[in-house]
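The structure's right below; bear with me while I get my questions together.
Labels A, B and C are assigned to the chains in the order they are written; within every chain, residues are numbered from 1.
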Amino acid sequence: MDYWIEPLRYIAFGTGMTVMLTFGAAIIGIVLAVPLLLMARSRFTALRGLYHAFVHIVRGVPTLVWLFIAFFGVTQIGIVLDPITSAMLTLGMIATANMAEIYRGGMQAIPAGQWEAAHALSLDRSATARDIIAPQLFRAVSPSVATQVIGLLKDSALVSTIGVADLVFRAGLMTQNYGNGLVMFAFAGLIYLALSLPVGALSRYVHARITRRYAVV
Amino acid sequence: MSDFSWLYDWPAHIPNLLPGLWTAIVITVIACSVGYVLGFFLALMTEAPLRAVRYTAVVIVEVGRGLPILVLMYIAYQGLPQVGVLLDPMPSAIAALTYSAAAYSTEMIRAGLASVPRGQFEAAAAVSLSRADTYRFIIVPQAARISIPPLVNLTITIFQATSLATVITVSEIMHHAYLSGSINFQYMSVYVAAAVLYLSITLPGAILTGYLEKNLGSPTKNARRTSIRKRVTTKTPAGV
Amino acid sequence: MSVPSMSRARLQSENQAAMNAPYLTAESLTKTFGEHRAVDEVSLSVPQGEVTSIIGPSGAGKSSFIRCLNLLEVPDSGRLRIGDDALQFGGAEPRRSEIQAVRRHTGMVFQAFNLFPHLTALKNVALAQMRVLGRSRKEAEDRAMAQLERVGLADKAGSYPGQCSGGQQQRIAIARALAMDPDLMLFDEPTSGLDPEIGAEILTVMRELAADKMTMLVVTHEMEFARHVSNQIVVMVDGAVIEQGEPDKIMSDPEHQRTKQFLSAVLGR
């Protein structure tokens, strides 16, 4: 039993890196998606087009490719980034694109009548946005945002391929040193599950409470 | 030492990557066809009356959804040999992606089945349709309208996930890219070429999904659109 | 499970006094949902070839009761005799074959229509005929057209429910139920989801069915219909039958205080 403590401990310490990358990317995404949402709903076709191009390209290329571009590819341009920075930028970009789409979808779930009612009450744009739209948007997108965070958690595993010492990287290293990949990777997997299940349960709980108190949007 | 040649010489790498594209497509097709069928049964299991069945299904699905696909691949390739299952890289990747496809599709299929109003089950029961016929003629066609767009989306995602197989030495796009790029250290060119190749599948896929979402979706939505001209002054709770 | 011939004879002699032999007899049916007793020992006979209406305030258990009769809800206790079949509740769960046997006798029309939205009117009416009764496609569709004509919607055969008005949809639903050749038609508030004007077209169809001597059990709020078309009215309140009898008697001179209360609130409809 003691035999396992060393490697498993080593793997477990990767949790910090994984969590940092995940939540770092999530925050970047949640914040940067707001201006993107405005672009998506702009009256200028060019801005909307830019938004759609950005989202489709970012989402249409696998995360691994973006990571490799951000780490290996940029060396060709003469930029050298350390793995963690590459990872954070990449995951942040992907998070932004996904969150923006979630916000956009959430806006479409808000009935047009809400804006009409706000106009009828002579609410100005910022009050409408802050008091009427934002709360409903929050309600509409919370489950999806939670799901997206879990998605980021899993995507973060890919940073192991560019040498970031996260859970998967460490599990791989321990497999090299100690053999027994099943135990190592299963252990890492368990940590991922442990990290994601509470988020999922919390999201379901919040969603159930929210939709119980209000009529279906 | 800035080199922007990659902006125009990435196409040169494309032919080298095409064999990888084929591999990726094959893996995707196998993983999704088997995976979605498994997902259907898992979806039924999650609504089964027996608690043991329900819990088993939920565990299978939550583990499949909760683990990163990369971890699943490593387990399939480097982990399973421990219990005597020795898989080559390609079957390992297929196994990992099949499990993933099954786990993720379960919720989509379940949501589609749940979107069918209870009244449909009751109407089918009232005319004595058997359980199998009820699903086949009434429930699944209506569920499909809801399930198909996300399933198409999932297929595109699985296709993108084949890129991970490179870490377990499967000879798909990324692997060919690495080989092609390391010739002259033209990593940007080659990975841009790889990106373009992926986009050549995912962009049409996204368009397809968008089209399906517009033209499938709930029947009420579509029916109301077609009958606007003929609308009578009564409420029409079609399918409600 | 068939009623043995000896008690069938007893059944017939018992009911010689009644106008017609009952097609359906419910004995002390009870159905509880959680804490709430929706159907409380309800007994009812539905005579053959006649129209029986069930009226009463909302939440009285009328819908729950009628859904017990085609086993969309399985009663917790009591007995049901329908045609040649009988079922006892309270013990084991009824088998699928028993449920199907009972359902074959009945056709149901729902408040929400419940048409199959992805099928045309014709297919809605033909599907169960093919899959359950084993009729060929041609026969099923011919009979479907005949039923659609009967309800006045032959021209809508190729339309989807979403392209039809509420009244038309309900009529298609009636045709769908009739196409299975039921012996008993169950109507669960068929006009409650419709504007009164449109509801009239449904009531007309139902009147024609009654004139054709179809055995009908109707849960309704339409008092005019209940009075003029029914042979028997049953008043349900809080899950129990508080009064039943001839329509004219019930409507103009009810015995029960609660019935009086209910009628004064709704009369004029």
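Couple of notes before you dig in:
In the analysis below, a contact is a pair of C-beta atoms (placed from the backbone, for glycine too) under 8 Å apart; a residue touches a chain by one contact, two chains touch by 3 or more.
The UniProt protein names, listed by chain, are A = ABC transporter permease; B = Amino acid ABC transporter permease; C = ATP-binding protein.
Everything numeric here is computed off the predicted structure, so don't read it as measured data.
Taken as a contact graph, the chains are arranged in an open line, each linked only to its neighbours along the path.
Greatest centre-to-centre distance from subunit A (ABC transporter permease) is found for C, with centres as Cα means.
Rounded to whole angstrom units, the spacing between the C-alpha centres of subunit B and subunit C (ATP-binding protein) is 45. Here the CA centre of subunit A (ABC transporter permease) is 19 Å from the CA centre of subunit B. Subunit A (ABC transporter permease) and subunit C (ATP-binding protein) have Cα centroids lying 54 Å from one another.
By the touch criterion given at the top, residues 70, 72, 100, 103-104, 106-108, 110, 112-118, 127-128, 131-132, 160-167, 169, 173, 176-177, 180, 193-195, 198 of subunit C (ATP-binding protein) touch subunit B in their complex. Those residues of subunit B lying in contact with subunit C (ATP-binding protein) across their complex are 117, 119-120, 122-130, 133, 137-138, 141-142, 145, 219-220, 222-224, 226-227, 230, 232-240.
Those residues of subunit B that touch subunit A (ABC transporter permease) in the shared complex are 1-4, 6, 62-63, 66-71, 74-75, 78-83, 160-161, 163-164, 166-167, 174, 177, 181, 185-189, 191-192, 194-195, 198-199, 202-203, 206. Across the interface of their complex, subunit B is touched by residues 56-57, 59-66, 68-69, 72-78, 150, 153-158, 160-161, 168, 171-172, 175, 180-186, 188-189, 192-193, 196-197, 200 of subunit A (ABC transporter permease).
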